[in-house]
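Quick heads-up: structures coming right below.
Shared between the two complexes below is chain A, which has chain B as its partner in the first and chain C in the second.
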Partner chain A sequence: MFILITGLLLGGTYALIALGLNLQYGVARIMNLANGEMLVAGGFAAFWLYTAGQINPVAALIVIAPVAFVVNWLVYRFMLQPLVKRAKSRGALEVDSILATFGMSFAFVGIMTWAFGGGYFNYAFLAQPLEMFGSSYAQNRVVAFVLAVVIGGALWLWLTYSRVGLNLRAVAVNPASASLVGVDVRRASALAFALGGAVTATGGALVSMFFTLDASVGVLFTMKALIIIIMGGVGDIRGTIVAAVILGIAETAVARLVDPGLTLAAAYLLFLLVLLFKPAGLFGKARG
Partner chain B sequence: MSGTDWRNLAISAALLGLAALLPVYGSPYWLTMGTTMAMFVVLATSWALFSGPTHYISLATAAFFGIGTFVTGLGFQSLPFWVLPPLAAIIGAVLAALVGLVTLRLSGVYFVIFTLGLAEMVRQVVTWVQNQTGHRGMYVLTSITEREIYWMLVGLGALVFLAGWLIGRSRLGFALRIIGNDETVAKHAGIDTALAKVALFMVPGAVAAATGAILAPRYIYIEPATAFAPLLSFQVVIMALLGGTGRLWGPIAGVIPFSLLWEAITRQAPNQTLLLLGIAFLVIVYLLPGGFVGLWDRFRRRFGGRS
Partner chain C sequence: MYRRTFTQLAAAAVALAAGAGMSLAQDTIRMGAAAPQTGPLAGGATVTHWPAVRLWVHQTNEAGGLQVGDRRMTIELVEYDDQTNPQQAIQAAQRLATQDQVDFMVAPYSTGMNLAAAPIFAQLGYPMITGTAVTDQQPALAQQFPNMFFVLGRTSIMAEDTAHVLVGMRDRGEIGNRVALVNVADAFGIEMAGISRGVLESNGFEIVYESSYPLGTQDLAPVIDGAKAANPDAFIAWSYPGDTFALTDQAIVQNFAPHVFFTAVATAFPGYAARFGDQIEGVMGMGGVNADDPAFQAFAEAHMEFAGQAPDYWASAATYATLEILGQAIEATGSIDRATVLAYLQDRSHEYSTILGPVNFNENNDNERYWTVGQWQGGVFRGIAARGRDGAVAAELFDGWN
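Showing the complex of A and B:
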C-alpha cells in the first residue's frame, strides 16, 4: 500500500513532465532532448524564488510557467523552425532535431553550472508528514501530486474541448491534412512546443519541492519522460498518464525492495517489455 | 582493384606507418595525446561505419567501452592480456546484437533513446552487483606501457579501416546505403533490413569493447562511475559528425582538431567543456551538416575538380 501510494504520487508528477514532452513531440514533431534541462531550470527558479524571495513555490508557478512559455517559443521560432523548413523528410527532421536539442541540452547544463555551480539544490517546503491510510507521506509530495492532477486535467480539458486544442490535435494526427482544412500548422507547432516547455518547467518546480536537483540531472528526467511517452504512445494523453503511474510505482517498488540505485534499471526493464511486446504503446494500434 | 585503390592503399599504409612511429619521434606528451586520439579515431570510425549509412545515432559507445574495461579488470590476473581484447570484442558484439534485436526493428527514435540511457543503466546494474559482492573498484596493475597501448590501438584502428573498406565493397554495405536512403525501397528490394542493421551494429559494439579492454591498464583504477561515463558517447558522436560520415577517413578529420580543442579547453576552463560540447553540436547542425568531408566535397566541386 505504501509503495502503491508513493508510486502514484511520484507518477502524477512524472505524468505532467511527460505531457509536456508529448506536446512537443506529438504536435510539433520535435524530439526535444533538452526537455530535462527545462525541468531543472524550472526547479532552480522555484528554489531561487523560495530561498531569496521567500516566495511559495506554488505561487511561483504563476511566474515560472509564462517565462518558460516565452523562452520555449523563442527557442522554437529561432532555432528549430529553420530545421523544420530545411528538413526533406520526417526522418531527416528527427536526426536534426535530436542533434540540435542535444546541443542545447549541453549548452544549458554548461550555462547552469556556470551560473549556479555544480552543487545540489534542495529546500524544505511543507516537509511535515501527512497521515493517510495508516502510513505517513510528505506533504510536499501530496501537494505536488494534486497540482499535477489539476494542471494535467486542465490541459486535457483544453485540448479536448477548445478550438485551439482541436487544432493542435489535428496537427498531431497529420500536419499536411491539418493545413488543408485551414489550420496554421506553423503557429500550432510553435504554440505546442512553447506550451510543452511551460508544462515541463511547471513539473520541474513541483519536483524541486521534494527532490534534490543539480545542474546535470536533467538528462535523467528526459530519459524517464521519453520512456513514459513510448510506453503510453506518442500523442496519447491517457496512455501517458497510465504509463507515468506504472513507472512511478515500478521505481518506488524497486527502490524500496531491491536497491535505490536501480531506479533507471527498473525503467529500462519496463522500456524493454514495451519494445518487445507493445512497441506502439499501451493503447496504441500496431503500425505497418 | 583499380589504380585508385592501389594509390589509396599506398597512402593509407604510409600514414599508418607514420602514426605507428609516433612513440619513436614524439615526446611523452604527444604520446599521451596520440593515445587519446587513437582511441577516438578507433571509436569514431567504427561508430560512423554503422551510423553513417543508416543515420541511426548510437549513444551506446560508453556502455560497450565500460564493459570492455571491466573484462580486463576482471580477467587480467587469470588470463594472458592478448586474450582480453578479443574476448571483450565478442562480448561487445553479442550485447550489441541483443540491443539491436530489441530496437532496430523499430524506428530510429527508439534506438536513440534506448542507447542514450544504456551506459547509465549498465552502470547502475554493475554498481549494484559490486555492492552485493562487497567489491567497490578494481586495480588494474599490469606491466603494459603507454607505448604498447598506443600500438595496440593503432593496430585496432588499421583493422577497423580494413573492415570499413571491405564492408563498403560488400553486399552488406550496399544494402545499408539503400536502407539509409529509403528503408521502404530497401524492404521492397528484398533486403532483410532489421538483420542488416543488427549485423552492422555489432561492429561498433565489438570495437568499442575491445578499445575499453586495451585502455583499461591506462586507468589503473576502474570504478563504474568513470568506466561508464556517458560523456564518451557524445564525444564520439561529435567527432565523427564534425569530420563527416560520408567517407571512411572523415572521422579522423574530426578527431584531430576536436581533441586538441578539447584538451585546450579542459586546461584553460575545465567547467566549460559541456558548453563546448553543446556549441559543437549546434555548429554541426546549423553550419556543417556534412562535416568537414561535406565541406571538402563542395570545395572540390566548385573549383573544377572531378566529382
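Showing the complex of A and C:
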C-alpha cells in the first residue's frame, strides 16, 4: 500500500512536470528544452510569493498560471514563430527549435540567477504528515497529486470535447491538413505553446512545495519530462498521465523492494521497453 | 566584415593598453576568482564560496589594503562563472592568468573543480590554497602539485570521526548497535559510506539498512521508509544539499526519529535551519565550527551585514581563511611575486592566524587541525568532533522532531 500510494504521488509529480511539454511538443511541434527552466521559474515565483507575501502556493497559481501563459505566448510569438515560418519540414523545425530553446534555457538560467541569486530555495508549506492506511505521507505531495489529477483531467476533457481542443488535436495530427479544413494553425500552435508553459509553471509552483530548487536545476526536469512524453506518446495527454503514474510506481517499487540506487535503471528499462514495443507511445497508433 | 574586425582590434588594443597601464601603476593587487555561479554546484557556492571571498576583499580594502613592503595595496577582484564545468574552470584560470594578468587566484569551489583546476594552477605557477577541497589524495596531490594546499581536512577522517561519535555514544550506553547507512551514489557518497561502514563494523555495530540513491534524487520516501522499517538506533546519510533537505523533510513526515540523525553536506547551511526551524535540534552533520569562538562570531556578523546572509557553519570560514593565509604570506614576504609567496607558503615552519584558529601546513600541504562533525544545538551548529581544535561540545541524543 505504501508503495502504491507513494508511487501514485510521485507519478502525479511527474505528470505535472511533463504535461506542459507534451502540449508544446505535441501540438506546437516545439521540442522545448527550456521547459525545465519554466518550471523552476514557476517554483521561484511561488517561493517568492510565499516568503514575501505569505501567499499560499496553491492560491498563488491564480497569478502564476496567467503570467506564465502570457510570457510563453510572447516567447512563441516573437522567438519561435520566425522559426516556424521558415521551416521547410517538421524535421527542420525540430532541429531549429531544439537549438533555439537550448539557447533560451541558458538565458533563463542567467535571468533567474540574476534575479534570485544562485542559492537553494525551499520553504515549508503543508510539510506535515497525512495518515492513510497506516503510513504517513506529506500533505503537500497529496495536494500536488490532487491538482495534477484535476489539471490533467481538465486538459483531457477540454482537448477531447471542446471545439478549440478539436482544433489543437487536428494540428497535432497533421498541421497541413488542419489548415485545409479551416483551422488557424498558427493561432492553435501559439495557444498550445502558451498553455503548455502555463501548465509547466503551475507544476513548478506545486513541486516547489517539496523540492529544493536552484536556478540551474531545470535540466533535470526537462530530461524527466522528455522520457515521460515519449513513453506516453507525443500529443497524448492520457498517455502522459498513464506513463507518469507507471514510472512513479515502478521507481518507488524498485526503490523500496530492490534498491533505491536502481530507480534510474528501472526508469530507463521501462523507457527502452516502450520504445521497442510501442514506439509511438503507450496508446499510440503507427502513423501512416 | 572588415569594419567589425577593425572595431574588435581597436577594442582589444584599448583593453590591452588599459591593462598595461594598470600593471605599470600597480597600487592594486589583482585577484582572480572562478567558481560556480550557475550549474549544479551554484547553490552551494552561493552559500559558502562567493560571499566569503567578496567579504575578505571588502574587509581588506576597508582596512586600507595589504601592507606589501613599504606600500599599501588594495585588492581588485576579477570574477568568472565556471558553470560547474571542469573545462570552463580550466579556461577561466587560463584567461585570468593570460588575459586579466591577475597576481593571485582564489582556488575554485568544491573538490571536483579544485582537482580539475589543479594542473593549470601548477603550470601557471599560482599558489592554490583550497578551502572546499576534501579528499584523501592530499599526499599524492601535494607531490604532483606542490603549489596546492588544503585547509578543510580529509574525507576519511570525517567519515571515521562520524563513526567514532556513534561508538562513543554506544559505549556510554546512550544508543544501541543498529545503524542505517545511506549515501548518494557518486564518488563522495560511496567513499564516505565505505569508510564509515568499516569503522562501525569493526566496532561491533550492525548495519541494519544500507542503500544508495542516484545523484539528484529528491523523492526519498522509499529510503526513509526502508530505514524506518529496519528500526535503527542511528541514521547516517552521506548526502548532498538537495537530498539532505529531502531526507530531513521525509523523516519528519514519516516521524522517523532514531537517536542519531546525521545528514552530510548542507546540514551546516543557514538555509537548513531556516527551512526546518527548531525541529532540527540534535541533528548531526558534516563539518562544524567552534561557534563560541569570538573570531568566528565576528566573521558571522560581518558576513551577515555584508552579504545579507549568514555563513554556513563549516566551509565558509575555511574559504575565508584561505585568503587570510594568502594575505599573510604576501605581507610577510613584502612581495606580490608569486614564486616568492609560494616559497613562503611551502616553508612548513610558518603559521597563519585565521578565523579557524592557527593554521599551518604539514609535509603534504595539509592543515591538520579541522572540524569533522557538528550538531545543531540550541539553534547553532556546533562542532562535536575535531582534529587538533579546541571547543568541541558533547554530542547529544536526538530526541525526535519537535
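Just so it is clear, the second predicted complex is superposed on the first by the 271 of 288 C-alpha atoms of A that agree within 3 Å, B and C clash if a C-alpha of one lies under 4 Å from a C-alpha of the other, contacts with A are read in each partner's own complex, and residues count from 1 in each chain.
Keep in mind that, in the parts below, contacts are C-beta pairs under 8 Å (C-beta built on N, C-alpha and C of every residue); 3 or more make two chains touch, one makes a residue touch a chain.
All values derive from a computational prediction rather than experimental measurement.
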Considering only touches as defined above, state whether A:103 meets chain B (first), chain C (second), both or neither.
first
State whether A:67 touches chain B only (first), chain C only (second), both chains, or neither.
neither
Just checking: does A:230 make contact with chain B only, chain C only, both, or neither of them? Give me first, second, both or neither.
first
Have a look at where A:113 lands relative to chain B and chain C in the superposition and call it first, second, both or neither.
both
Between chain B and chain C, whom does A:282 touch in the aligned arrangement: first, second, both, or neither?
neither
A:259 in the overlay: touching chain B, chain C, both, or neither? Say first, second, both or neither.
both
Output check: A:212 vs chain B and chain C. Expected answer is one of first, second, both, neither. What do you get?
second
After superposition on the shared chain, which partner residues are touched by A:271: those of chain B (first), chain C (second), both, or neither?
first
Which of chain B and chain C A:55 touches, first, second, both or neither
neither
Need the overlap of the two footprints on chain A, from chain B and from chain C, as residue ranges.
109-110, 113, 118, 216, 220, 259, 261, 263-264
Chain C residues within the chain A interface of the complex
36-40, 42-43, 45-47, 84, 182, 185, 211-214, 216-223, 225-226, 241-242, 245-246, 249-250, 252-255, 266, 269, 271, 275-277, 309
Per the touch rule, the chain A residues reaching chain C in their complex are 2-3, 6, 9-10, 13, 109-110, 113, 117-120, 122-124, 127-129, 135-138, 210-212, 214-217, 220, 251-252, 255-256, 259-261, 263-264
Provide the residue numbers of chain A that touch chain B in the complex, in ascending order.
31, 33, 82-83, 91, 94-96, 98-100, 102-111, 113-114, 118, 216, 219-220, 223, 226-227, 230, 258-259, 261-265, 267-268, 271-272, 275-276, 279
What residues of chain B sit close enough to touch chain A in their complex?
55, 57, 102-103, 105-106, 108-110, 112-114, 116-117, 120-121, 124-125, 127-128, 131, 230, 234, 241, 271-282, 284-286
